[in-house]
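Chain IDs A, B, C and D follow the sequence of writing; residue 1 opens each chain.
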Amino acid sequence: MTLDTREDIKLSNAQIAWRAAQDIEDDAYVNLGIGFPEMVARFQPPGRQAIFHTENGILNFGEAPPAGEEDWDLINAGKKAVTLKPGAAFFHHADSFAMVRGGHLDVAILGAYQVAQNGDLANWRVGSKGVPAVGGAMDLVHGAKQVFVITEHVTKDGKPKLVDTCTFPLTGVGCITRVYTSHAVIDIKGGRFVVREKLAAMTMDELQAMTGAPLHTDGPVAELTVPTL
Amino acid sequence: MTLDTREDIKLSNAQIAWRAAQDIEDDAYVNLGIGFPEMVARFQPPGRQAIFHTENGILNFGEAPPAGEEDWDLINAGKKAVTLKPGAAFFHHADSFAMVRGGHLDVAILGAYQVAQNGDLANWRVGSKGVPAVGGAMDLVHGAKQVFVITEHVTKDGKPKLVDTCTFPLTGVGCITRVYTSHAVIDIKGGRFVVREKLAAMTMDELQAMTGAPLHTDGPVAELTVPTL
Amino acid sequence: MDKTVGSTADAVSAIPDGATVMIGGFGGSGAPIELIHALIDQYQATGGPKNLTVINNNAGNGRIGIAAMIDAGMVRKMICSFPRSSDPRAFTDRYLAGEIELELVPQGTLAERIRAGGAGIPAFYTPTAYGTELAEGKVIAEFDGRHYVQERWLKADFAIVKAQLGDTYGNLTYNKAGRNFNPLMCMAAAVTIAQVSRIVPAGDIDPEHVITPGIFVNGVVEVAHPQQEEELIRAGVAYA
Amino acid sequence: MDKTVGSTADAVSAIPDGATVMIGGFGGSGAPIELIHALIDQYQATGGPKNLTVINNNAGNGRIGIAAMIDAGMVRKMICSFPRSSDPRAFTDRYLAGEIELELVPQGTLAERIRAGGAGIPAFYTPTAYGTELAEGKVIAEFDGRHYVQERWLKADFAIVKAQLGDTYGNLTYNKAGRNFNPLMCMAAAVTIAQVSRIVPAGDIDPEHVITPGIFVNGVVEVAHPQQEEELIRAGVAYA
């Protein structure tokens, strides 16, 4: 099934990341999945400071150093060179995943191939071919107090990513609490997609048409507004 | 049953500790139970250096400091003040018992109320009255490559401590490999007591009479000789 | 971010009746005496918190610290490995009178259960206590021909611990064997309060030397010259 | 006590055919490149060790390190969480050709299984992977209304790790995020060999700053100026 989509009005990845960043509270401990989610760190609202955790054993790392000044023992989970902020700490992998699994992170933000209305996430593998690689994704979906997904609302070929039931191999069961897409902000609550915000330029019917499971509301749907980035 | 015992020729506690110390190899990692077993540390043979572990998170601690120079954050599992040797390390309790349970200690030496011929140990409680307290004993009997007991051969009222089956509450099942007593050195092998050494002044029959389970031999029984201490 | 708390009284003020409280230390080493005494002060002033479940390796000594909590009547249950000390009267008397409950846990199992609570591991298997009365009623499983006891995680509502340096982000170092259960308890409690000998700005503790990362710590209160249980015991001090 | 070993060649010489070898590092960070290359040298000179099971977070990058071990044909099986890298050809080609086995383990579970191996915990429960294909065939249990997967410990015959300082007793410190799996692997192997940037006398590392206590380490070899995988990759180096 290919959907009628409103690709004409969609947010850029930077704008999706910006929107997600607005919901990270001051002093929150946050893990950003490798790739697109890392972009969220750029958009911390003024006056707020999150502490970023990386699976390979750093709390409170900062931006990449200038080219040529990398220390390749100071990298993040995406194997990119990073820097430290004051108040950082190093620890080994078992302690790092104790932080993850033990519920000590306030927020984890991940990418997705599919998110189901019951909160199931598929983000590690699209089929049975090739070399499978899971990394820390299956750990990260458990333990953080809130697990958010940031994603395009539909795939490049127009298929829904918010679905009734995931068809790709699962990363975790019932683990996602909120999805920030290119068109909307949607909570997962009681096994249903509940729309919190949508782009003003589209109707609920248009949003529903791009979504693979019924959308619900629970109070007013706010306007999803983001700056030009 | 009260036994005919040879209390007249028995080794002192210091001599039992001395004998056990002779079997600790150079560079061995050793945990000595609190109380009597701590005495073993005094008798390391010249030229050998064991590294002592204490449950509360120190490797390579040394003797007590002079009175008045105690640091009460630098204590052993018996809550006695100790000192550090070069090459010491501190760690928390989970890492400390990872060393114990994970099989990283070469030797643990414990006291006993009873040791059974199958290697069962009872050393934490003599009945159901009073306040029970177990500490690290049940952990120490698992994991060390060799778990030794040092003990009088019989109780103060002349009852056997080496027994067919423990009647006191167990500390661990099949965990003891060797017993150093006031009269003999006895291995536990294949569910049997096998005598390795005995005091020259007593016969095997006399030793058997003091023991609550059959004694076996497996090769010659050497003379248990210790210095005057 | 600033996790500094102004006083020991403020630091413990949120602990309610019926709470499960992990208290760091092994005997007096690493024991947060001042936080414990602040909790007793609160109880004397307000009647709470009471009916506490206290998790510690021991069960108090003399008439100070945890023993003084027991004396005051604040403790409903102790979870510990070794409820003996040079002067264990406070616990012993109440225990023998049936006025306090005891869950006795082997020391290594106690440490591992607390770590498991902090690490999101609901249960694990250990050889410790297999075949003993402390394994009675527990799930037993065989792995590779050997028997093991299933043990559950331990968590707490609050942990009160003693550290050496603490920065404003809650990163902690410890003093010698005063480390013991403290780093584990920081992980396993919903709210962790650390008393430290000195609070330093974030960045003053080398990230390589942090023992407890700040993510495990909610509040840090400075007690510049902390008391040592052993010295108080020897001086015959009673806190009441 | 002196755990110093004279050369990387000597350090790895006891690793036999068919051994399970834990190799520290996360990508190139904390990866013991020189020890890995010494092992390859030994294989090139003697035909062994081969049929190795290698445990690492990744499965090699480019034509150096673990990738070069795979290229050389020494590796029968990889146990890892993420067999991808900027240049994963060595593993990918052999895997797709059915010439190398893969046990894929979620990263946190991999870390915890290794720690469990070192800590004498034969099995534990984790929420990770519940309901996914990586939990297929595993024991599932419910605790407090939530489902968990039973995971077994991981042990090894040898661990080769990279540290920063090592003293003659085997006490180790690490460099920044180069810590990663290294301290865990030290615990979980029957024999652990550490390459360090500098060997110092016992007593030169503050006991408060020791990350891996020497009890977990069997041999320490100095590699004064260790190579970084990332720099070798960028320079297009192939080790063969």
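The working rule: a contact is a pair of C-beta atoms (placed from the backbone, for glycine too) under 8 Å apart; a residue touches a chain by one contact, two chains touch by 3 or more.
Keep in mind that this is a model prediction, so the values were computed, not measured.
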{"item": "Neighbouring chains common to chain A and chain C, by label", "value": "D"}
{"item": "Between the pairs A-D and B-D, the one where more C-beta pairs touch", "value": "A-D"}
{"item": "Distance from the mean Cα position of chain D to that of chain A, given in whole angstrom", "value": "30"}
{"item": "Distance from chain D to chain C - Cα centre to Cα centre, in angstrom", "value": "35"}
{"item": "Centre-of-Cα separation between chain B and chain A, whole angstrom", "value": "57"}
{"item": "Sites on chain A at which at least two other chains make contact", "value": "58, 90-91, 94, 97, 100-101, 142-143"}
{"item": "Touching two or more other chains - residues of chain D", "value": "112, 115, 119-121, 126-127, 174, 176, 207-208"}
{"item": "Overall pattern in which the protein chains touch one another (line/ring/star/complete/other)", "value": "other"}
{"item": "Pairwise chain contacts, counting only pairs that touch as defined", "value": "A-C, A-D, B-C, B-D, C-D"}
{"item": "Chain D to chain B touching residues, read off their complex", "value": "1, 115, 117-121, 167-169, 171, 187-188, 201-203, 207-208, 210, 213-216"}
{"item": "Chain A residues within the chain C interface of the complex", "value": "26-27, 29, 49, 51, 53, 58-60, 84, 86-91, 94-95, 97-105, 142-143"}
{"item": "Contact footprint of chain C on chain D as seen in their complex", "value": "112, 116, 119-127, 141, 143-144, 146, 148, 152, 173-174, 176, 207-209"}
{"item": "Touch list for chain B against partner chain C, complex", "value": "54-58, 70-75, 79, 90-94, 96-97, 100-101, 120, 130-139, 142-143, 169-173"}
{"item": "Interface residues, chain C side, partner chain B - complex", "value": "26-30, 57, 81-86, 88, 91-92, 95-96, 102, 104-112, 114-115, 126-134, 174-184, 211, 228-231"}
